[in-house]
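Right after this note come the structures.
You will see chain A twice below: alongside chain B first, and alongside chain C after that.
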Partner chain A sequence: MREMAMFDVIVRGGTVVDGTGAPGFAGDVAVKDGRIAAVGQVSGEAKRVVDAQGRVVAPGFIDPHTHFDVQLLWDGAARPALEHGVTCVVPGNCSLSLAPLKASDRKAVVGMFQQIEEMPPEAFTTAFEWTWEDFAGYRSALEKGLSINVAPLVGHSVIRLWVMGPASQERAAFPDEIAAMQALLRECLEAGAVGLSTSFVDLDEHGRPVPSRYAQFEELDALCAVLGEFGRMLQVVPEFYATDITIARIDQLADLSIRHDIPTTFSPLFDTLAVPDNAERAIARVEEQFARGARVWPQMQTRPIDISFSLLRPSLFFARLPRWVRILRQPLEQRVAALNDPDTRAKMLADLGSDGGEAMFGRLVARGGDACPPEYVGKTLSEIAGLRGQPAGLALIELSLENGLDVAFLSAGQGHQSTDRIGPMLAHPLVHIGASDGGAHLASFSTYGDTGYLFSEFVRKAGAMSLEKAVAKITSETADIWGLKDRGRLATGQCADIVVFDPDAIARGDELPAFDMPGDGMRYVRAARGVDTVLVNGEVAYAAGAYTDSRSGVVCV
Partner chain B sequence: MELSRQRRFVTPAPEETIEDLAARALPDQPLQAAVDSIKSWNLHVFAMRRPPGLMLGSDVIFVEPPLAHG
Partner chain C sequence: MGEDALEEAVIVGADIVAGHDGTAELVVRLLHPDGSEHPVLLDEDTGLKLMEACGASGLEDLYGQSWRRILPQA
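Let's turn to the complex of A and B:
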């Protein structure tokens, strides 16, 4: 008599959407020892059965552009990413990672994270013990408590800083320094880095270009030669707001891709109605470069770019107002004093132009849920200024001061305003869905829920792509682009990263402030909607609205 | 596969000044005219950056004006 198969988990009775883009089919998925053991009509028993009636069963989603480097050290689930169905995240983007990093350079890199990714410095000093310098040490620290899988990039700026010290932000590297960077990168890749990230745009907290920007192209080329030894990824953040420069970067990446046989990706691919042909021209160039044999994947986020801020914290909203940035970065007491100082205030208002800030601030909306007087909640700053009989800039400052600076404003539609434009781009075969910035820009916007928004906005509402295609875009296609072995598909032998969701309900929740970060504490989050169960390497990590104690995440390359 | 024509650019050499770069990129033009042209075609470096004109090794420096796109 044939023995009945015994599995660890069977996900029963769902519609299996296997990640390849093929039509979904009724079936089961069985898991054994962290891998998928069977897909289809599965007979046998399991220690745990997940009922998937009326649900889609898909591979776990992969988020290829995040900054969870530090959060993962105290929150191995990268909450709330995992509850949205994300089972693998790529931190270390934009030239910044937490290794390799000498103890003496920690403060400098924390300052860069603070400036570029809007993360409070307390997040780096109060929530974990900083025990490592090299990449292998960082990996070990991560692996102590992961619930989610991690494919970490290593940052060009930190590699440069390790080798060159302060000169990394002063000059080109000498040949022996480039050789040392190559050796260091090789060591990181051997220790599990999925690739290298670099930045052409970012500034540190002192307003200086980050180290990677001082590199000659020859230095980047030499580092890509090392990536070529491993076939690993180069990620860059280009001057995404300027079309001609973005195209020049695409051409540089294409040359590197072909010369070293590596994949490359740039993020973000940016769409704005202010420059309507920006993304279109970039995609056209990408098409040409792919036809030439290059791999240059533009990453595009699904969500509109809506920025919130208050004067309680520095915000990228003020990026074009250096004086405002300097003032808002001061400690609270000095900041309040500066905002109250007539001379300083006059200079700040002068920065806004002759309309008193109407053009720059007038369309901001008071969010509410804070200290804002109720009569102003939901009104534009232009309306509030009218009620107060003040110019918009002055109204912003005085309303904030009157309420302990705890008045949040929303600047909606900074980019990606049109679903009709974004949908076809997301569906384009060469556009890589990503660029969420997960774990960063904490007080500016929620970086969680882009996958839910993909389904609610672009599958259900706009019909820009099928559900199967949407799943493939954020599972198998991502795994293939990044070379993530045995991830992204529901097939026998694959790692059992699985998400069970309601196809009619999956979405992102409302953007809400949460006070769950170390130190300063505040960030915007979105809860998941329609996601029932998430398995990571065969273990249930999230079910019925709650996280489990599972720690089955790994560093995966 | 022939690529469509896009705006030509160079990247700065180590220690290179705007004058050096202009002479290298636009050798047929008088130096000051070449410098002025390079500056006017690269406002992202020579106007919008703080401090203005700080050239970095990774910069894209255009050596011709924007092309017409129809």
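Let's turn to the complex of A and C:
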């Protein structure tokens, strides 16, 4: 009599979408020792059985552009990324990482992180013990508490800062400094970095270009030669919307890719109706460069871009309302006086038309996380106006005045918003779905849930691609682009990163403020919808709406 | 401006777009002397400065203005 196989976990009775793009099929997935042990009709028993009836069973999603470098030190799940089905994140983008970094340079890099990620200062002083300087030390600190897998980039700016000190933000590097940067990058790659990130656009907290922007081409070329020794990735932030500069960057990346036999990726690539040929020209150039043998992957996000503003600062949001622009441009004291003045206010409201601003402002949403009274948070200005018995324009002014002008409003979908245009681009074989910026822009907007939005908007609503294709785009294709071994597929021997979700319900939740950052810092988040269970390296990390105590994440490079 | 000054690019269109960081940004379309048109994206601060330099209270006020207004005036 044959002995029944004993597994750690069996995910039973779901539709297996294996990450390759092949059609889903009814089956089970069995896990043993952190790896997938069987896929198909699995007989045997397991210590834990996950019921996947009516659900899709897919490889865990991989997010290739995040800034979770700091958060991962106190939150190894990169919440809420994991609950959205993301089992691997790539932090260290945009030239910034937390290693290698001398203790004496921490203050400078913290300033850059605060500028780019909007991370509260307490995150760097109270939430973890800063014990490392080199990349291996950072890796060790990370690995103490991971629930999610991490493939960290090393930042060009911190490599430059280590070698050149303050001169890293003053001048080009000398040959001996470039050689030192090469040696340092080599050390980081040996310690588990998945590649190098650099930026051509980012600024520090003083408005100065970050160190990587002072590098001449010879420096970048020399660093790419080191990446070539390992076959690792170069990530860059190009000049957004400046199409011709983006194309020049694509050409530059292509030359580096071919010369050093490395993959490269640039992020983000946006679509905008104001410059309608921006993305399509960039993609056309990418096609031409791939035909030459280069690997230049444009990263495109799924979510539209929203505009947010308050009356505390001037905003171009009002650029179609000349009187409002003139008033809101005034110093704060005069601005408040003007908004309180009955004659001025009457003229402002008259500018909005006979509907009192309903058409112009009615769909704005009070974001919360500021001085807005809780009863209005998450409501549209139209709803708030109804509750207050006022026209929308007057509600906007009075609600702002009642709360020191510290009430932020959101105008949704003002950029990268056309599903009809973006769907085919996301489905394009050379477009890399990513650029979520997870863990950045904390107090400005939510960077979580882009994978849910991919399914709800582009698979279910628009039919821009099949569910299987969407899964492949954010699993096997991402793993292959980044060289993540044994990730991204449901196949025997692969690492058991698995997500179980409802194909009819997976989506991103509403954007809400949360005060869960160190020092009661605020950020905007979106909860997951339709995700039942997430396994990381064979252990259940999230199930039935709750995180487990699992610490099975690894640095997976 | 001297009589022999070269022709300049002028603004012939303007629109607001959402910036990567959630701010409102300004895209202006430039008409060059050779007849070609080209969009330029300005971040919120630069866009507000351009409107101020042009004395513009609305997008339409930018139309026909010299692109040189983007630079601080001596």
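Quick notes
Just so it is clear, the second predicted complex is superposed on the first by the 455 of 557 C-alpha atoms of A that agree within 3 Å, B and C clash if a C-alpha of one lies under 4 Å from a C-alpha of the other, contacts with A are read in each partner's own complex, and residues count from 1 in each chain.
Assume a residue touches a chain if its C-beta (ideal position, glycine included) is under 8 Å from a C-beta of that chain, and two chains touch if they have at least 3 such contacts.
Keep in mind that this is a model prediction, so the values were computed, not measured.
Looking at the shared chain after the overlay, A:D251 reaches chain B, while chain C stays out of its contact range. Once the two complexes are laid over each other on the shared chain, residue contacts for A:P322 go to chain B and to chain C alike.
By the touch criterion stated above, A:E288 is placed in contact with chain B alone, chain C being left untouched.
Once the two complexes are overlaid on the shared chain, A:L220 sits against chain B while remaining clear of chain C. When the two complexes are overlaid on their common chain A, residue A:A462 makes contact with neither chain B nor chain C.
Using the contact criterion defined above for the overlaid structures, shared-chain residue A:A242 touches chain B and also reaches chain C.
Of the two partner chains placed by the overlay, only chain B lies in contact with A:P209; chain C stays clear of it. By the document's definition of touching, of the two partners only chain B reaches A:F200; chain C does not. Contact with chain B, but none with chain C, is seen for A:A172 once the two complexes are overlaid on the shared chain. Across the two superposed structures, the residue set of chain A contacted by chain B and also by chain C is 242, 322.
On the side of chain A, the complex with chain C involves touching residues 240-242, 268, 270, 272-275, 304-309, 314-317, 319-323, 325-326, 329, 411, 414-417, 441, 444-445. Remark: chain A residues 171-172, 200, 207, 209, 212-217, 219-220, 239, 242, 244-245, 247-249, 251, 277, 281, 284-285, 288-289, 291-293, 322 touch chain B in the complex. Taken in their complex, chain C has these residues touching chain A: 14-27, 39-41, 44, 47-48, 51-52, 56-59, 61. Residues 1, 3-4, 6-7, 9, 11, 13-15, 44, 50, 54, 56-60, 62, 66, 69 of chain B are the ones touching chain A in the complex.
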